[in-house]
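Below are the structure tokens for one structure; questions will follow.
Labels run A, B and C following the written order; every chain starts at residue 1.
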Amino acid sequence: MTLARATGVILAKELRTEFRSRELLGTTIVFVLIVIVLFSFTFNPTSTESRRFGPGLLWLAFLFAGSLMLQSSFLREQTNDTLAALRLAPIDPFSILAGKMAANFLFLLLVEVIMLPAFAVFYNVAIIPVLPQLLLVLSLGTIGIAATGTVFSAVAAQARLRELLLPLLLLPVLGPVLISSTEATIGVLSDPSEFPRVWLTFLTCFDVVFLTAAWMVGEYLLEE
Amino acid sequence: MSTPLASSPKGGSGNGPGECPASGLRIQFSEVEKRYGMRLALRGVSLEIAAGECVALVGHNGSGKTTLLKIAAQLTQPSRGKIAFFSKENGVPLDEVKSRVGMVGHHTLLYEEMTAEENLIFFAKLFGLADPAEKARQALQPVGLTGRATDLVRTFSRGMRQRLSIARALIASPGLLLFDEAGTGLDPEGQQWLGATIQQLHDSGCTIMMSTHGRNETQSAVTRAIRLDGGKITHDSGAGGNPSEVLVMSAVRDSGEGGES
Amino acid sequence: MGGQKQSRAASGAVISAPSILVVFLLLAAASYGALIWAPTENTMGIVQRIFYFHVSSAWTGFVAFIMVFIGGVAYLRTRAQKWDWLSVASAEVGVAFFTIVLVTGPIWAKPVWGIWWTWDARMSSSFLLWVLFVSYLVLRTLVDEPERRAIVSAVFGIFAALDIPLVYFSIWWFRTQHPQPVIGDGGKLDARMGWVLLLSWAAMLGVMAVLIRLRYRLEALRSEVDAIRMEAARNGV
């Protein structure tokens, strides 16, 4: 069974499980809304200030939401020890990680896209004209969050205090993602003709580095 | 409770779920050692299990039974030594072996939030089987769960989960079956069913390794008993021998000393 | 337990007398250089001398964190516990050095620029790095089983170390895009200052090596004690 095939099967399973209950999706969206509301109280949301602070707060909200939501990725494989079932199958162990990374990416991206209209309304920004660029930034940033977050979810699942541990591990490592995604978003929103090349290249670098690292050492986390 | 594995013809007339191929796998453990940190779970175990044998592993908790089974399932690698598998006379490469091994543990290894059918289809796909939906449907029949195919596993009783777990282990028609205390939590009727099922699988040619506690209903098909203590084999009734002695001795020991270390 | 066998880790002196002497001499020389020999900087005065220890501590911290990476990779490939010992020792010493960076920074900044913390590129990066490896240490305390702990720490350590250049670049580029009022740092480096800086770095590296060796030994002994304890428990002692 090829890596791609196995990843696809696992991805399908993850998506099916998630969309059956939709509880995680709903909860995550509400959480992001709460963070946005609270953040709005910390500065005066005029148009110029919104444009400056808004994207940063949005990405911060995504990071927080991600670090909470990514917990369940490997936690749910501890019920009935289904992780062992996955490892018994004749598949590349990395496909387990890859399938979950892909699922988490799609899932987080969905939350972010759903939040975009809310973001536009609350911070008075025009997102329609720059939608493709915005989606690019969202995708690149989310790949970083999902890839790193899924690996760390496997780490945290083996430790105590895992609810606290995952954000503790993930947020510092994602510092560069926060910075570059925010700057790229600001760039895209403030000057649609100007393409934030440096930041997007950097984000791509980040993604490549950590996807490669995950590919090389991730499977050791799944061993017994 | 249903009869064990209904309708599975003897010998590998096909590869329907619930049947073993005509020849089970032969396993060879060579000086296998497993170390967890500084603890030795298995010390220099050398063992050869012929195709079609039904081997019972007995011993206290911590004696190495589960570790040995996990190594056979390739869930964990030996720290030292090797394991090799053979089918008929040919060696089988390790990555291929995985598709020919089924394992049933005391965890059910099933997804609670998916239906019985979905679980089986998922695993059928992971094992690269053609027409997974059909295989899943066929797999449910011998364990008598066809009527519950579209129910969530969450709603199943312990006995039903064990049966589904066995269906999962059998779906790819394995040549080697591993049972790790699979009878735990089953009522006597369930244990009897399990014993009869193992008998049937043994009759159809599977190689079987099972770890058990003491003497119970599931051991009727056993052809060989091996006792482990502190990671070493202390008694082995041998390939052609009589397992009863080792089994009885273990039952007395285990019940006398009252169990787990 | 009868028949003691001399444990491998316990045999021999931890640190040889000559090496301690060398490190001591380096430190003395560096201190002399920093405090007396190097010229006083024009604008900042005497306080600027802390710069030698501040910068060399940061560089030393980097070296320590690179060793965490090396230890992690080596452990995953060989599964020899000693690499895990090296990783944790290096991480702790690295955090110690970055603590020095975080403390000397404000001490330098306050008299010179009037504020304790400037959120400039270097201090921000140092702070993030410090947090990152503190997280590494926290992770270790939350996993009990030694082999599990070694594996997860190795993976996280590798990710954290790979993050270092990414952290520095992103923060640096960010600051370049949003220049702050000029607060700058050491300014021009006199030749003598350059030498003292290198000497300070050598001294710090020496201290780092000693500390890592000590901490490594401690971890090795701890590991042995745990093993003996487990064996004793098993035999019902």
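Everything that follows uses one rule, which is that contacts are C-beta pairs under 8 Å (C-beta built on N, C-alpha and C of every residue); 3 or more make two chains touch, one makes a residue touch a chain.
Quick caveat: nothing in here was measured; it's all calculated off a predicted structure.
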item	value
Pair of chains ranked first by number of touching C-beta pairs	A-C
Most distant chain from chain C, judged by the mean position of its C-alpha atoms	B
Most centrally placed chain - per-chain CA mean versus overall CA mean	A
Centre-of-Cα separation between chain C and chain A, whole angstrom	31
Distance from chain B to chain A - Cα centre to Cα centre, in angstrom	39
Distance between chain centroids, defined by C-alpha means - chain B, chain C (Å)	50
Per-residue overlap in chain A, given as positions that touch at least 2 other chains	223
Residue numbers on chain C that touch chain A, as the complex places them	76, 128, 131-132, 135, 138-139, 142-144, 148, 151-152, 154-156, 158-160, 162-163, 166-167, 169-171, 173-174, 177
Touching residues (chain side chain B, partner chain C) in the complex	36-39
Chain B residues within the chain A interface of the complex	70, 73-77, 95-96, 98-99, 101, 103, 105, 107-114, 118, 122-123, 125-128, 168
Interface residues, chain A side, partner chain C - complex	148, 151-152, 155, 158-161, 165, 168-169, 172-173, 175-176, 179-180, 183, 198-199, 202, 205-206, 209-210, 213, 217-218, 220-221, 223
Complex interface listing, chain C residues touching chain B	145-147, 223, 226-227, 230-231
